[in-house]
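Contents: one structure, followed by commentary.
Going in written order, the chains are labelled A, B, C and D, and every chain counts its residues from 1.
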Amino acid sequence: MVMSLATKIGNITIRNPMILASGVLGTTYSTLNRMYEAGLGAVITKSIGAKSRSGNPNPSVFALNEIRSVINSVGLANPGYQIFREDIEILMKNSTPTIVSIFGENKEEFKEVLEGLKDLPVLAFELNFSCPNTEMGGAQIGTDPDLVYKIVKELRAKTKTPLWVKLTPNVSDVIEIASAAVKGGCDTLVAINTLKAMVIDIHTKQPILGYKKGGLSGAAIKPVGIRYVYDLYEHFGDKIPLIGVGGIFRGEDIIEYLLAGASAVEIGTSLGVAYPENMVRFFQMKIKKYMKEHQFGSISEITGGVHR
Amino acid sequence: MVMSLATKIGNITIRNPMILASGVLGTTYSTLNRMYEAGLGAVITKSIGAKSRSGNPNPSVFALNEIRSVINSVGLANPGYQIFREDIEILMKNSTPTIVSIFGENKEEFKEVLEGLKDLPVLAFELNFSCPNTEMGGAQIGTDPDLVYKIVKELRAKTKTPLWVKLTPNVSDVIEIASAAVKGGCDTLVAINTLKAMVIDIHTKQPILGYKKGGLSGAAIKPVGIRYVYDLYEHFGDKIPLIGVGGIFRGEDIIEYLLAGASAVEIGTSLGVAYPENMVRFFQMKIKKYMKEHQFGSISEITGGVHR
Amino acid sequence: MTNQTLLNDKPIMGVIVEKWEECFETYGFKIELPVKVQNAKPGQFIMLWVPGEDEYPIGIAGLKDSILEVGIAKMGPGTEAMHKKEVGDLVGIRGIYGKPFTPPEDVNHLLIGGGFGMTPLKLLTETLMSNENKQNIHVFEGARSKDRLMYLEWLRDLHDRGKIIFHACTDDGSYGYQGFPTVDLEMFLQETETPSVIYAAGPEKMMKAIFDLGKKFANVVDMQMSLADRYMRCGFGACSSCAVDPTGWRICVDGPIFNTEKLEKISDFGVYKRLETGEKKRI
Amino acid sequence: MTNQTLLNDKPIMGVIVEKWEECFETYGFKIELPVKVQNAKPGQFIMLWVPGEDEYPIGIAGLKDSILEVGIAKMGPGTEAMHKKEVGDLVGIRGIYGKPFTPPEDVNHLLIGGGFGMTPLKLLTETLMSNENKQNIHVFEGARSKDRLMYLEWLRDLHDRGKIIFHACTDDGSYGYQGFPTVDLEMFLQETETPSVIYAAGPEKMMKAIFDLGKKFANVVDMQMSLADRYMRCGFGACSSCAVDPTGWRICVDGPIFNTEKLEKISDFGVYKRLETGEKKRI
């Protein structure tokens, strides 16, 4: 039996369904290249905005070992698109399949970043409407369906490059937000970003994170991510490709997301370790083993399997 | 130094801040009595509705060992208030400080249950607006501020017994919902109920829960619960008492919730073990040790400590 | 097979490697698990997930390394769904849950049961045979008719080989004597001089009758009964679906095996049980 | 003290049990942790949380059971906040992170550093002394002036007792010879016949100079340098703030110690580093 790990996400095809999630190992062209060479299907940059930002004060990332998770409040530290362009250009020269994650404080900033980078042959732009670690005029953009619709629609008019929308799990009704994004013309839905969270040190009676509040990623959020992808697939079926993110620590977790409805997955926390290359290898081995055992010839046959 | 574990929640005083969370060990008068005798400050019944419900098919509760958590889709199985009244009466005879958790598919059902039980000298009614395991006309009541306001207001007019509102974390803006509850006249806010979640078995390609979808409780959700209590205290200050719930596995976790702003905590998953009496003893020992070390004379001195 | 053991976790998928008709509407299954199952003791149970159908508690009838034996009697849709499973099919296992039988030394071991209650008694029989003087193991089994006697051949064979004494009876007299297993039990208790322990598993009504009988005999030093005729959801103590009054003990973790001292305190034993709604139902 | 070891987890709170002025604007601290800290090796580091203020990477200068020694040089608000901490105060520790120095056998050990780079070199000195022929340990330290030489008394004493050979220098000649530590290092390398390993920790510019120098000598069999002059957030490999070009190695997990072979591949070594925004900055 012929077996291929390649997967189609809308018009894009990547060599396997494993994508580096934004913000983990994605600050420089060099880590992105490294992770692609490690065997991932594609890589996503750290979210890039209009201006240079130092992010939030430290502590801004630490592990919660007992629940195999991480809390972070990096807060979109980035050099701004003009400077980061240099890193992207190196990636393009290297033919690294790269998705650029972009964010803005408002519609204008999103537009500025997109305009500034849209000539580059990147695989897609992932719109980060969902970072819980900054205050942009109060709530996050990703909780407001109107705003989501408007931003996607305007960006859509400006580029043919696929637009992915990354959803936050911190909403009452993800279908409402997702529908707004789809209506605006996005190509792919990505779920989920981190869960709003916080950790307090009881000895000093202080929040540990410099920003006080943060976002939870890692194994703790996997059952939540699976639920979001399942709900989205239940609603949209195969009308729009889905990408699952959250708590992938094993090949089995990737399969779980695919069965729930994802065409690909993004992996963050579990690659933020000393030997990410080994992790990628284990993931790949496990996916192959599963496909062989269950006689799947392609990833698309697994996608949404639990709904059938 | 005199040290007291007693805590005031509005007009109510209980002997210590540990309350049994609804749905865990709360199906019968006998487990509720047992847990009070184990040393808790008060106990909350399983959520009780207007009619008898068998809940969702099994599997409906299982552990996720790696993240010290549980997923459940019990779905408000209960005998209806008319039958459960008998169990409450035994609790009242035993002077067990009992909070009755009530739910309804709509305002009328909430009213019916309250009317049917309000003559009993219970400590409070906890309004469960937040169970993710049933479909009540689509979304959960707890995501709709108008509905929350109206229900609380009507119930408020019918009883002097304190009304607690249990909030769901599956919302875009918890302050909006909480404000509606406060405006309606509730006495105490309780956060959080379970997170929307799901687990799929990749071998059989089936959701494991009989209801497919469920709610996540346990250690995985503690950083989320802390964040909610912190955000609520940040907004309401000491204007309304808060109760923290979610992932308490140790005395330290209780302190963390108190510092975040809680006047008491509810404990579920970690008491659903073979020896809950031991857990309660460990919790109590740890709280006392902490109070001694930090020279706290009362729980109220700890409450909200991280905001000072 | 990994080195993992069976923890309280989501179901671990096992594959059915053997299936046989044990008796009328009752099938035996051997299920191979991808993990080692250590230290399962008679009276403990697992939660069996029939994917897409149901999950319920099932006693452990036997265990060797990673192969689990269960016996499943048809009761309703959930057990029927399992009866349709064939060799090669996957089922989910959670556990091991519950407190086991705790047989003391130097006593008559009187095992009495009926229906699916025989499954933990099978493992108990095996365990006792490997530890104790065989002459002292008595198994009393009752059923409506011969074709409903579980493990009949196995028990008869042990009896013939002098390893246990098997007392069988049926309502219709089609095998053993006609009547209830309590008849032979009472007779035996009247005759024996040795201290005896009764281990019972079966319908709660029957266990209550045995309990009342046993209390009349001074030489019955303990009774250990499996309260397995009750509704369970979680199996590990979280939901309290299986709680008994007035103690608040949960059958899944404080039992399912309770001894005389504890049974005395369970006022609903043989009187009522709780349905899945929490409502009481007379037994 | 529990039996736990220091894991990659949220900060564990330790109490400052000793504080001393080590040299100009540099304090030494001993911090007692509630857990055992096992297997910390020279070159590894921890993340130090000054509650409510900042968190940053700090090298391990010493370690005995649950007592950690660090040396902190004033650089900005974060290190200043630590300088204000007193005995009895609590600070948070995460770690142990990073790859250590890996000294081979039978070579000259040439430790060279300046500023806070001396902290890992202190632990390395101790480790080497307990394992190797003392005659082969040379420590080269440079600073602006005598009052800025870290561990001066300790190193001088070791030198006097013949345990190491200490080569000190200052910019202003207030102690040792006037000039850079590379002067003495070069002299030593010209004279020695034995294979030598250079261990360097300090400002990256200085390390680059040492690296270029070392490459000229065939008897320098390896150079191991601590790239500790870079920005870090997580310390365990997640954020890539500390990554170097073009390899994508992260200093926190793939380093901070890199050997000659690796340093050759790091094109930004001594050229530029990334700021907290990710922007490049010339060194």
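One rule holds for everything that comes next: contacts are C-beta pairs under 8 Å (C-beta built on N, C-alpha and C of every residue); 3 or more make two chains touch, one makes a residue touch a chain.
If you're wondering where the values come from, they're calculated on a predicted model, not measured in any experiment.
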- prompt: Which chains, if any, touch chain B and chain C both?
  reply: none
- prompt: When the C-alpha atoms of chain A and chain D are each averaged to a single point, how far apart are the two points in Å?
  reply: 36
- request: Would you mind pulling out the distance in Å between where the CA atoms of chain B average out and where those of chain D do?
  value: 50
Field: Interchain centroid distance [CA atoms averaged], chain C/chain D, Å
entry: 65
Task: Pull out every residue in chain A that's touching 2 or more other chains.
output: 64, 66, 199, 206
- prompt: So which stretches of chain D touch two or more other chains?
  reply: none
- line: Among line, ring, star, complete and other, the chain contact graph is line
Query: Which pairs of chains touch each other?
result: A-B, A-D, B-C
Query: Quick one: in the complex, what on chain D touches chain A?
result: 7-11, 13, 47, 49, 51-52, 54-56, 78, 90, 92, 94, 233-234, 236-241, 243-250, 253-254, 274-279
Query: What part of chain A is in contact with chain D in the complex they form?
result: 23-35, 46, 52-55, 57-66, 70, 72, 74, 77-80, 83-84, 199, 201, 203-204, 206, 208, 210, 268-269, 272-274, 276
Query: In their complex, what parts of chain B are in touch with chain A?
result: 64, 66-69, 71, 139, 143, 170-173, 195-200, 202, 205-207, 212-213, 216, 219-221, 223-224, 226-228, 230-231, 252, 255-256, 259-260, 290, 305-306, 308
